[in-house]
Amino acid sequence: MLNIPIQTILGQLLLGLINGAFYALLSLGLAIIFGLLRVVNFAHGAQFALGAFAALILSRYAEVPYWGALVLAPVIVGIFGVLFERLFLRRLYDTEPTYQLLLTFSLGLMTEGTLRALFGSSGVPYANPLIGGINLGFMFLPFYRGWVVVVSLAICVGTWLVIEKSKLGSYLRAATERPDLLRTFGINVPVMVTLTYGWGVGLAGLAGVMAAPIYQVSPSMGSHLLIVVFAVVVIGGMGSLGGAILAGFALGVLEGITKLVYPPASSTVIFAVMVAVLLVKPAGVFGREVV
Amino acid sequence: MKLKRFSIACGICVIASLALFSTSRAQEPFKIGHLTDLSGVNVDISGPATTEAMRFAVDDFGGKVLGRPIEIIAGDHLNKPDVGVGLARKWYDGGVSAIFDVGVTSVALGIQALAKDKNKAVIYISTGSADITGKNCSPNGIHWTYNSYADAVGAVTEALAHGGDTWYFLTVDYAYGDNLQRDATKIIEKAGGKVIGSTRHPIDATDFSSDLLKAQSSGAKVIGLATITNIGTNIVKQSEEFGIRPNQTIALMSVDIQDIKALGLKTAQGLIDTSSYYWNSSDESRAFAERFKRKTGKMPNQMQASAYGAVLHYLKAVEAVGSDDALKVIAKMKDIPINDFMTKNGTIRPDGRVMRDMLVLQAKKPEESTGDWDLFSVLRTIPAKDAFAPADPSVCPLAK
Amino acid sequence: MHIFALRPSSLILLVFLGAGLLAPHYVYPGFLMNLLCFALFASAYNLLVGYVGLLAFGHAVFFGGASYATGYMLRDLGLTPEVSILIGVIFAAALGLVMGVTSIRRRGIYFSMITLALAQMFYFLCAQSSVTGGENGLTAIPRSPLFGIFDISNELTLYYLILAVVAAAMFVIYRTVHSPFGHVLKGIRDNENRMISLGYDVDRFKVIAFTLSAALAGLAGSLKAIALQLVTLVDVHWSTSGEVILMALIGGIGTAVGPIIGAGVILTLQNYLTGFAEWVITIQGAIFFLTVLLFRRGIAGEVERLFRMRQARSASSQKDFTTSVVESGRST
Amino acid sequence: MNDYILEATDLVKEFAGFCAVDKASLSIKRGSIHALIGPNGAGKTTCFSLITKFLTPSSGRLVFNGEDITNAQPAAVARMGMVRSFQISATFASMTLLENVRLALMRPTKAPYRFWRPEASLRGLDGRAMELLDLVGLAGSASMLASEISYGRKRALEIATTVALDPQLLLLDEPTSGMGHEDIQPIINLIRKISNNCTVLMVEHNLKVVAELSDRISVLTRGRILTEGTYAEVSTNPEVMSAYLGRRVEERAIG
């Protein structure tokens, strides 16, 4: 079984990278929310599904094409996130993280349940906007999958630059560590926190729109991904954005390799990696340990 | 001692709330249960709409049996065996004579054992596992609508008939997937075909491009999807991107009208579904479908449609026996032929398998479809003896 | 000890025991057995999250693992129930020891994640193994006679047996919480670094607590295997770990009776919300949502807080309740 | 056994390229009260954590009572008789004052592992616990919860808990930080009282406290020991004046 042709290996690696693009986008959103707000966002999977459904509803009732939904749906999901943060999550900032986690978890439950009650469980199709592909010699690469990687990379790198390298980003980081200090400089900290949550959630929505043409749009499309993406963030180092992005792509590739060697383990291998990483590097590969 | 008073108050509350749950026993209706997924991932396969179909049957039967009014209790097992079996146990102990539908195999197998224990009847509608009439067969259980074997037969034979003699399987890494692949392989090899490879995926996988790529490079003429329905439709959708069809045929073994609708005809066209029912196959089936749609807003699938016949047949047998003793009623059900709007002269095998002809349906091209629910054309009918695997006395002692 | 000298919390537990004795005359025993098993499971979990402050996310491993072990012993090896239960508990304790030793050095969210990861790996093993029956699970587990002689196939007999075992286990938890060992655990929860500076090997205490909690969760799982005569993959799935967290939360983390109430609420929701069909999940979510926002201490925690406030007002000099088990909320 | 209960040699601690403690050496004489002072950010707290083993030094050597403890665990050092307090008062909020002290008293016994014994089995320790509470003037509030008492009394409770372990070396991390003036004098008296039975090393900001209590003083700046001596020696050292006192004057001028 191990005499696998090189074309197959290349193909699997590339496919892994493509899947990694989704992981990276989702885990980036999660890492932003955790890194800057210290909130473990368990609604992330449902917000991912919400993004896909937003695109679907936009095309069905307003005839907004994919390209419009790509911008609008994340904004809509982001606004939901902002409202949720402003109205509810905010009240729990001075409690233990467990309660924030449980609140987002129940938000996820409500979102998924409502989508299922309204749209059923079997899923709804969403048309592929980029039909066709090119033959790379070792595999056939659909245009749409290529597009996913490009968008994901662009968004990931852009977000990382803004938060890690720009002045706005340094305010953000400072805001969450020393809100009192920033307030004296006249910067509105609660608004920044809200916008950060909105941005993280918007990224989940964006991933949802991008997933819509590949997967069936279904209420449970995010719940499988949720704990996998959590694992990605932990491996990368909670709060490390670069770590989340790299670990996302790396996991995609690792899954690809597992599919070659022992396919049934492909969705479990990540947890083995996570245990190993946490035992050796307690704060994740790129994390700084905060006690 | 305020806290002590609190604890006593607490106790009173507990006891009072217990009393609230206590059942008042007035006139005893004849109770049958509809146990299925009413809210979760499988709700579209059966769900609350099936309860409606069962109500039709009760109404058409006259609302009474053995002089008692018939009551249908609906319950949600949330796809969790402990919830499902717990509920079933409670129903049986509370006087429910028969449970219909169920779904998820792990729940069904739990109830199969329970029904035998309690000597009650259970009639499976949306459950697929052929084990119900195989190694887990029971004199108290009837497998009514279809099973995993029948589900696959149409797609496999149709592909074989069109020259698909080399196969590659994408199989879910579960006993269910194994069985499906094993059954399909038997049919393929009997027809002179060959299985040249397979790959297994975990049940929580979402991306199948890697498996599809392997299947593509294997050069097999047919890619068989021996997997659960949700995954199957996802694979079909993803196969579009990689341009797998028309070079290779995709044989989706477990699929239903809801899934075809979910995929959309553009993607689904040409797929084969083996089903006991299609709403547009005869005047009688159309009449039932209209009635169903008026009530629920959608067309029935085979589970929902066949639930009607299952309840009707069961009630007939109860009336004929004159009691709800499960062994006697089920023996009676096996005695009399099944006849309703969708099943003609159906029989029940000793192992509990309902034998009925199955329809081979093919998803239409988008341009051929004239309406929302105009999804299939009927290709042919598979006679009952070919639609189901023969009974195997070596695994089920009931089979003769 | 005179009965009126008992703590209020132990009195509440006695009241619950009394209610347990009467309950089968009012409520269906099958439901009650399930309730008892989950109440014990949640209490065992509460021992860890409420009294040590460890938010483990993989307790289904012990519950389901012991369930499988007990089911297998009863069905495939034909052992008697008491031996099967014992083996289940030992199996769960061993799993707990391994998971505890592996994860205990990590703190906060990392601890949660490593327990989740180990639980996912255990789930994978269960799904692959032939012993567990894969996705079909172990069905038709026999209710063999206890000690080879006592018939437990009768629902009511089995119910009282389970009630007795669960009550004994609850007493073990109660005793543990109030023992010198329990004080050490609370010390770790309140201020781990201070405990280290007092010379306590906190990791060792945490591992012992983890193992104890795992063993008790295993006992709950073993009993469930006999009560339901069925074990499936759901029992080791992460959603079951999540469910037990919700039970502890809704009832009140760190309270003696909270987990029992929490188990009751969640199982009742599952059993009695059916009328809402498609909206069940949404309603469940909304209930959890409101609980977290409005009744963060959980039902028992909030009730206790109210009484404590009244008490503080009426008897400010009387301080003899300050050692009450029922801690209001968790200190950070 | 020599005169020094604790000897630290060339302790170094680096955090990601930044050197918080740089070759600090320190010897604490048995029976003395030794103070470690220095301006903000001089590395006092890091130094303190290194000695108590809550941090592991990048290099250097620590000897306590003639035993090398460079790589020991913090709990193990505590059991050897070196007990620390914390900057932010470290009490067990959900327990009574009596239980707080008892938790320390029961540590050397076999009780901690006995999960099957009732709480009443600890009654034997109550007498000693009350003595200790009495020592710090808290005997009257023994049954109050630790979360219910004032900040100053929490510090006193913490000292009672620490003394309960009968330490040979007591390490106090800013024992008067965050306290009102009225609370400081009782704490000074308390520290003097307990120093009869053990050696004390304290990190302290309040120079009045340092002047009043300490036998010897080490001054730390930028991770290095600048000088060591009595209060009189140190306070007249010009280097200390510029590095430490000078800065305090500046701060005061700004503030």
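Order of writing sets the labels: A, B, C and D. Residues in every chain begin at 1.
Keep this in mind: a residue touches a chain if its C-beta (ideal position, glycine included) is under 8 Å from a C-beta of that chain, and two chains touch if they have at least 3 such contacts.
Because the structure is predicted, anything quoted here is derived from the model rather than measured.
**Student:** Kindly list the shared contact partners of chain B and chain C, in label order.
**Tutor:** Chains in contact with chain B as well as chain C: A.
**Student:** Quick one: most central chain, C-alpha centroids?
**Tutor:** If we average C-alpha coordinates per chain, C lands closest to the whole-structure average.
**Student:** Among the chains, which is located farthest from chain A on the basis of C-alpha centroids?
**Tutor:** Following the centroid criterion, the farthest chain would be D.
**Student:** Starting from the mean Cα coordinates of chain C and chain D, work out the distance between those two points in Å.
**Tutor:** That pair's centroid distance is 40 Å.
**Student:** How big is the gap, in whole Å, between where the Cα atoms of chain A centre and where those of chain B centre?
**Tutor:** A distance of 35 Å separates the two centres.
**Student:** Could you state the distance in Å from the CA-based centre of chain A to that of chain C?
**Tutor:** 33
**Student:** Just give me the whole-number Å value for how far the CA centre of chain A lies from that of chain D.
**Tutor:** Chain centres of chain A and chain D, defined by C-alpha means, are spaced 46 Å apart.
**Student:** So which stretches of chain A touch two or more other chains?
**Tutor:** Residues 113, 116-117, 264-265, 268.
**Student:** Could you pull out the residues of chain B that touch at least 2 other chains?
**Tutor:** 39-40, 43, 173
**Student:** Can you identify all of the chain pairs that touch?
**Tutor:** All chain pairs meeting the touch criterion are A-B, A-C, B-C, C-D.
**Student:** Residues of chain C touching chain A in their complex?
**Tutor:** 55, 102, 105-110, 113-114, 116-118, 120-121, 123-124, 128, 238, 242, 245-246, 249, 278-286, 288-289, 292-293, 296, 330, 332
**Student:** Which of the residues in chain C come into contact with chain D in the complex?
**Tutor:** 175-176, 178-184, 186-187, 189-191, 193-202, 205, 208, 212, 319-320, 322-323, 327, 331
**Student:** Which bits of chain D are touching chain C when the two form their complex?
**Tutor:** 52, 54, 73-76, 78-79, 83-86, 90-96, 99, 102-104, 106-108, 111-119, 121-122, 143-145, 147, 161, 165
**Student:** Of all residues in chain B, which touch chain C in the complex?
**Tutor:** 1-4, 6-8, 10-11, 14-15, 18-19, 21-22, 38-40, 43, 47-48, 74-76, 78-83, 85-87, 89-90, 93-94, 105-106, 109-110, 112-114, 117, 129, 131, 136, 173-176, 203
**Student:** List the residues on chain B that touch chain A in their complex, please.
**Tutor:** Touching chain A from chain B are residues 39-45, 173, 199-202, 204-207, 209-211, 213-214, 216-217, 229-230, 233-234, 237-238, 240-243, 258-259, 261-264, 266-267.
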